[in-house]
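See the structures that follow.
You will see chain A twice below: alongside chain B first, and alongside chain C after that.
Let's turn to the complex of A and B:
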């Protein structure tokens, strides 16, 4: 057979292959049905794009004092002037205008804090993640809420700042030389030859000194208190969903492990909890939080609405995350559990060292998908009266000069969410590809 | 360890440490602690709640369900009159409204989702690009923003009553909603309905017979078209023979508003449209993933035995893809029901808006109302997942 094929004259490959013409022919005009579909699609695209372009760009009004002026200039176009006038409110809500730098600084700091995770060569990235979840909230709380700070907050705030500085230096040295900060410090002090114990004590002493210095410095910092009901806009949306995300993963892991536990009492409680929260809509849980939490708590002890909402969002998302984690745990072959047990590892070591690291890798796309869902679901807090980004978008039409301006702010809000969520989902696909390589044989 | 330490163990009395390391003892210990903590939490919340209710002078119990509610709703599928209608009645009005909007949205989003999902895999680059854009835009914008956009940005801006859009003189669309004809069954209409049911059963039996014959003899029978024929003829003949006992009540402009017909308020339309398109995007992704999960060899094998492209899809790809499509499809359906609760943002009278918001604010029976509403959603979810499990079991059996 092989001979028969090779004896014939070898024809050159078709010349048009790989050119734009061939691409057009294969992908758009392969048959008359396809050609028809292509022209139909072109018409739809033209129709949609030209309509949006005319409304949003060519006929749009960018500068006007109020909606009436917009109408007088061009009634067929978007009135972006109203959106521009309200844009600060979309992002910062009703936060006092003089204090807005605090939110910006907080946003900048969390970016600085987390950047080392994405830098090549940085060591101990897992601690960067942990410290973000456990220490940043105190720094954020101090910046955003301000006011009198108690001793506990002062300690945690100082700790956060020291860790942030150390973290940044660690990232810097990691990129420059691939060494971690402790190594650099020890080398700088010329103590490489000393014993581990001495090294550790020295590092601890430096840490304590830095802590004392920061603690002394922060005593003089005073920020004006900003009540929670002035928090709003995209800032509030990100605060709620950020806390939800930070809580959902550990909460979900605990619940999922409980659900897969051998102990019937724990298993039944966790399963019941997860199933109840997953089978009802988030809005009913938010209503429950605002109407029933006050009844649950002892008399005289009240939570403000923001805390109620955050608790509800955290519980809700932990349950959804639990199912993601459970799916990830189920994907781990039984042999891994058995091998870990055969090595004599206890339950927690088995989970922490063998199972979870593998399972988390599997789960990344679903975890990110859940985060996107959480971010989108956070808009529901507008229904129970928090001034999140959606309520701010709706508030434009209540403002006297812009009365009735509904469409434009909502389009801007939709675009805002689209950019954030789309970027996240693209990033998760990228992660899936880079991390998935290790698991495939 | 154990063998080398036997001498040590012998020489010492049993310590409390080794007792605690007994697995059964430890399991019992952990479970007792968990159960105890849980019981304490329940008791703590219960006493707090009881105390708070007493301090605030709030009533409790389910008696309020039989009290008159005293507020009206703009959309109801069952009889409800202000003044005599009870909170219990309001609950059922809300439940029916929720089920009404979500069932229509489920059907529409499934159909559109399948369509878009198939388009997404089209070999035509532009078509698949269009489908991709549709899916990505809809999936990445919060549903609540979409609902409010459709409500405030589209349906509230429709023409006034006097300038209603007129569809062939039977349906009218204006800023108060969509007026469609409502059916008014006559005396003998039950016979047509019976004929319809009989015809459907007959069509199914015909299909079973045709399938069995094909398995035995290989001969094909156009069971689908024959079934449609049976249903149309039988129902039509009975309908005509009994003298066409179905009339339509068409809305008509009287004074300042339309009277008669079946009025669908703008909030319903906005909710229906946004639920449908939002979930159709999710459905499309499920369909796409399901079809991609069928290996390419299946398509090639089907082509090789000479099946036409349509039959390749219908007989080879779709049946296998359904295994992967059904679970996410059903969870999307569940999400439609749950997300219909966002109706409260635009004032459509679903169970959350009517019962959990208005009734709760009016009557103050917070715990009872929250519990009933959650029970309703839980019942729906559990029912759906029950059928889902049955389906999964059947599919798994068939796979062997």
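Let's turn to the complex of A and C:
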């Protein structure tokens, strides 16, 4: 006789029982050995933290004219007064104090420019990224360096400003109504029914008018020139690593694709380039850049040290990024390449539409790890005489009133780098979750 | 018409090639040989396929059947012989190649859908980027094909959220969106559960009824019996036997064919 088939009812899973007390009991105090270890660890933690707390907070001196005064008030505490006195130098370097607003404005503008990437409803986010990388440098250069503007710079500056305004409006409309700026403008002019061609021409005309207006306006803007050797501190670190990061990924993609190319000359050049730069420490490359670059350049054409350093950092990181990209490309199953080829997409469309979008998602942990490394590696430029943040931190102890102040600035430096790198690391995890789509493991 | 041996009765001289082209031959393979390194994987293949013909290629694994159809859209390159697809010769000319490939659709054993795009985006990608079709038109055409393969409600899902049978039907719809002249199928049901094989075969039968030129590598002999105009048996890189299905299954000529049929039809 056949048994009746029992269909159990569908129920939700049982809820996890227990309070934090139960968790403590199970994880920290479950056996005698564990209890002893827990108490041992707690004692060590208390010991370490109380020492640091006493030095950094309880006994610390926050106001003093010089180190001797600090010492007199409390010899066992940190002398934060010195750090506070030098704080401006840490962040803005030796930039003229009256012109510091330019750096702050530059920082604000890049944030405003990039914010639409994270706002919901905004269309065409990829153009935000592209425009930031290709146009912001001109705006930033004008703000930070000032001085005479050649025609090229004026044109690019006007373009950058128009794009920034357009981008901000696009973001605003995207958040408010989910429409892109062109859509809003066309609707506002009542031209929705017009053909695509007429719409495009109208938008171009408006763009050209805005450009002309901004160009005319900026001709009157004069900013005092600030020599590059006054750039320093966190500002300089972020400039070097920002440019390095912006260049490394596209440069790395180009090099990686060149390395996989079927054309032998390109393949050999790219492979050689990558292998040379990866076999040599960054510090050696920096030294070589500052001493040997002038030999390669034509007569009378000099590059200042900052540009040499930036070029070296960019090339170095592009090579590391190339290997990360190559690994990502190899991780894509052959079937994806075949399906794309079988549809007649051709090499560039296949890479741009199918392969790269998938590969980049896999490469995120490696790419952001590389960026974090790049940020920290920029401290090496202090060895060739640029006053990045690390050099500034060390320079405090050479200042007459604060001679001998070593620990406090380095603690501040460590905290600064931790905050930035941890934020990047956290963002990387967030990117993996949002872009990973269905590929999370 | 019955062909029972490997001796070629196909066109061999340039004059005959030209006349073959005009008599509606859409694919012509002429003394095609291919090696993977030292291994001679395709041995003197001669085949001519007319427009609207449905061909099933079968044979034991390693016989070169997948390699044969992959040579037709140049996913594999042949070393000797000519392959002429829709009047265009397959060579190292790249511009020609993308054009040929957009006329030849291919369905893979492992589906090869693009996981980062929705089903609808998978279908409209090639029409938009290769044929420059405007987005709205491409979307409408894609939805029509999705209805034809009976899964229009899945348009906004990602491939990873679909079952195997649904993914393969999307893959077929994706190839059809380019309105190809020829459809190649490389073991389309071999990676599917038995319940899903039927739904995919139904789509392929319906497609055959519309007059599409199809070359199908498969082990589904039921499909061959119902739909094929000719069945080709390959072994060790050679075409052993070519015949219309009724003759092929009931009256195999070669011993190797008989052996293969006894193995495959036993289950």
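Keep this in mind: the second predicted complex is superposed on the first by the 421 of 441 C-alpha atoms of A that agree within 3 Å, B and C clash if a C-alpha of one lies under 4 Å from a C-alpha of the other, contacts with A are read in each partner's own complex, and residues count from 1 in each chain.
Please note the rule applied: a contact is a pair of C-beta atoms (placed from the backbone, for glycine too) under 8 Å apart; a residue touches a chain by one contact, two chains touch by 3 or more.
Quick caveat, the model's predicted, so the values are computed rather than measured.
Enquirer: Given the touch rule stated above, what does A:339 touch, chain B (first), chain C (second), both, or neither?
Expert: second
Enquirer: Per the overlay, which chain contacts more chain A residues, chain B or chain C?
Expert: B
Enquirer: By the touch definition at the top of the document, which applies to A:358: first (chain B), second (chain C), both, or neither?
Expert: So A:358 only meets chain C here.
Enquirer: With both complexes overlaid on chain A, does A:263 touch chain B (first), chain C (second), both or neither?
Expert: first
Enquirer: Could you look at A:349 and tell me whether it touches chain B, chain C, both or neither (first, second, both, neither)?
Expert: second
Enquirer: Looking at A:42, would you say it contacts chain B, chain C, both, or neither? Reply first, second, both or neither.
Expert: It touches chain B, and chain C stays clear.
Enquirer: Please work out whether A:304 is in contact with chain B alone, chain C alone, both, or neither, and reply first, second, both or neither.
Expert: So A:304 meets neither chain B nor chain C here.
Enquirer: Shared contact residues on chain A, chain B side and chain C side combined as an intersection?
Expert: none
Enquirer: Where on chain C is chain A touching in the complex?
Expert: 73, 75, 98-106, 108, 110, 112-116, 125-126, 129-130, 158, 160-161, 174-175, 178
Enquirer: Where on chain A does chain C make contact in their complex?
Expert: Those residues of chain A that touch chain C are 333, 335-336, 338-346, 349, 353-354, 357-358, 361, 437-439.
Enquirer: Name, in rising order, each residue of chain B that touches chain A in their complex.
Expert: 27, 30-31, 34-35, 38, 45, 48-49, 51-53, 55, 122-127, 129-130, 136-137, 139-146, 148-149, 152-153, 156, 338-339, 341-342, 344-345, 352, 356-357, 360, 366-367, 370, 373-374, 377-378, 380-382
Enquirer: List the residues on chain A that touch chain B in their complex, please.
Expert: 27-28, 30, 34, 37-38, 41-42, 44-45, 262-266, 269, 276, 278-284, 287-288, 291-292, 294-299, 372, 376-377, 379-380, 382-383, 390, 393-394, 397, 406-407, 410-411, 413-414, 417-418, 421-422, 425
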